[in-house]
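Below is one structure; the comments refer to it alone.
Should a chain be cited, it is by its letter among A, B, C, D, E, F and G, assigned in written order, with residues numbered from 1 in that chain.
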Amino acid sequence: MAKRLVPLLNRVLVERIVPPSKTTTGILLPEKSAKLNSGKVVAVGPGTRDKEGSFIPATVKEGDTVLLPEYGGTEVKLGDKEYYLYRDEDILGTLHD
Amino acid sequence: MAKRLVPLLNRVLVERIVPPSKTTTGILLPEKSAKLNSGKVVAVGPGTRDKEGSFIPATVKEGDTVLLPEYGGTEVKLGDKEYYLYRDEDILGTLHD
Amino acid sequence: MAKRLVPLLNRVLVERIVPPSKTTTGILLPEKSAKLNSGKVVAVGPGTRDKEGSFIPATVKEGDTVLLPEYGGTEVKLGDKEYYLYRDEDILGTLHD
Amino acid sequence: MAKRLVPLLNRVLVERIVPPSKTTTGILLPEKSAKLNSGKVVAVGPGTRDKEGSFIPATVKEGDTVLLPEYGGTEVKLGDKEYYLYRDEDILGTLHD
Amino acid sequence: MAKRLVPLLNRVLVERIVPPSKTTTGILLPEKSAKLNSGKVVAVGPGTRDKEGSFIPATVKEGDTVLLPEYGGTEVKLGDKEYYLYRDEDILGTLHD
Amino acid sequence: MAKRLVPLLNRVLVERIVPPSKTTTGILLPEKSAKLNSGKVVAVGPGTRDKEGSFIPATVKEGDTVLLPEYGGTEVKLGDKEYYLYRDEDILGTLHD
Amino acid sequence: MAKRLVPLLNRVLVERIVPPSKTTTGILLPEKSAKLNSGKVVAVGPGTRDKEGSFIPATVKEGDTVLLPEYGGTEVKLGDKEYYLYRDEDILGTLHD
């Protein structure tokens, strides 16, 4: 059973971050508090190809925390873990503290 | 919880300007008086990519007051603040006094 | 309240010319007499971008009297004046006496 | 009231030729006799733009008699005359005796 | 009344070949015998334009017998003759004995 | 009556191979046994045009046995023989023993 | 009967990997356990063509284990074996232990 996926072209493999329902001190967070559709970049493809066929690298890199679009994303199950494949140009931005 | 978003490619993060319902001296403004759909640019992505992959910078910059299109814009909640992501080429113009 | 709009890219800000319903000597013009959908160019954006990102200037300039397409145009209210934003390539031609 | 229109880009201003219903000697032409949708070129825009922004001239010129497509054409009334605006690439051909 | 049409761009003027219903010796041809939708090229436009505006000549030339697509073709009546205008790239091939 | 067709641009003339219903030794082949939609290349056009107008040759050549797509193909009857015209880029692959 | 298919352009011939319903030690795998839509690359076309007509090689190669998209793929039966043709750019990634 395959454990690792190397995305092709400008695809990006992301592990979704499930927003905590409680604060670190255990207080229940209100249902409607800001829920960011975000994730961690696990693997990145070589990028898109220019006219001569060389690769233009993706704009995100492994380890980035990224803001994901509301729709899209192809579900990929590797072993018992769930990931999602996005196209680099569909990822909205990188998130920072 | 992420506090800051760096937009990717030619995306622009905007904080909407809510038009005042009263004048500075407290007089109620008529409902139909000119309501500009405008906002303040908070962050700008690196721009679009040309054929070789280098970035062509966006046409607006941080701090600009901009006229927004009637439709579009992706809502992004960071902490308790509400922002909107637009594509640079969808922003109509910059507003000046 | 913003008073001035600088259009972005190849957008053109136009003030519509309302055709007179009477001749200069006060005679009522027939309803169906030629009503040109025209306007005065008030401001012009830097133009469209070529592949390297430099601007290709618009074909019309401030002060031109232009023939407008039947449809399109984004309404923009600045103070108590009404303008319309068109794309340069949608403007049909320049009008001359 | 504007009298003259200078078309923009590759637009062509045409005055339609109304086919005669009688021969020069006054004989009524049969209804279904060949009715060419043709016109006289009155004004031509500078042409389309290439990637650097310079103009590629239109293929027709002022004074040409042209065969018009069945559909399309934007009606333009200048004074009491009626014209039609076509895109250069939509004009089918030039007519010669 | 115009007698001659010079097609514009990559348009090709064709006179349709009506397949004979009898053999040369007068024998009636079966209804379903091969009916080729073919024609004779009467006039050819200068061709399509490349990025700089120069013409890339059409692939067919005056006098060619060509196989026409099942659909398309703009009818043009010049005097009492009937022609059809095709785009060069829509013509399927040239026919030879 | 034309006997030979020279395809234009990247069109390819193919004679379909009708799969045998019996083996060479006369045994009836099961109905659902693999039926490849294949054919023999009879003639190939000069290819597609690059930006300057020169031809980029087709990827198949006369005599190739090719795997055809499930749909598409324009029927052409030349004399009493039946052929099909395909675009070079729609042909799936070449078949070899 | 053709035994071998050489894909054209950027097509990739894949033999699907049917996920085992039991572990190697014979234990039945739960129905909903991760079922990867994967396959083995059997043959790869020369790739896509750049503007001059030379080939830009595909991103996968013979022998790769690949993650396939949920939809698409053209079924091809060669002898008694079943394969699927995909376009190189539709294959999601390569799988590794």
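Observations on the model:
Criterion: a residue touches a chain if its C-beta (ideal position, glycine included) is under 8 Å from a C-beta of that chain, and two chains touch if they have at least 3 such contacts.
For each chain, UniProt lists the protein as follows: A, B, C, D, E, F, G = Protein groES.
The structure displayed is predicted, hence computed values, not measured ones.
The set of chains in contact with chain B as well as chain F is empty.
Note on chain placement: the centre of chain A and the centre of chain G lie 25 Å apart, centres being C-alpha means. One finds 56 Å separating the Cα centroids of chain C and chain F. Inter-chain spacing, taken between the CA centroids of chain C and chain E, is 45 Å.
Residue numbers of chain D whose C-beta contacts span two or more other chains: 51.
Around the closed ring of chain contacts, the path that opens at chain C and continues to chain D reads C, D, E, F, G, A, B. The part of chain A that touches chain G in the complex is made up of residues 1-9, 11, 13, 45-46, 49, 51-53, 74, 76-80, 85. For chain E in complex with chain F, the touching residues are 34-36, 38, 47, 50-51, 56-57, 59-60, 65, 67, 69-70, 89, 91-97.
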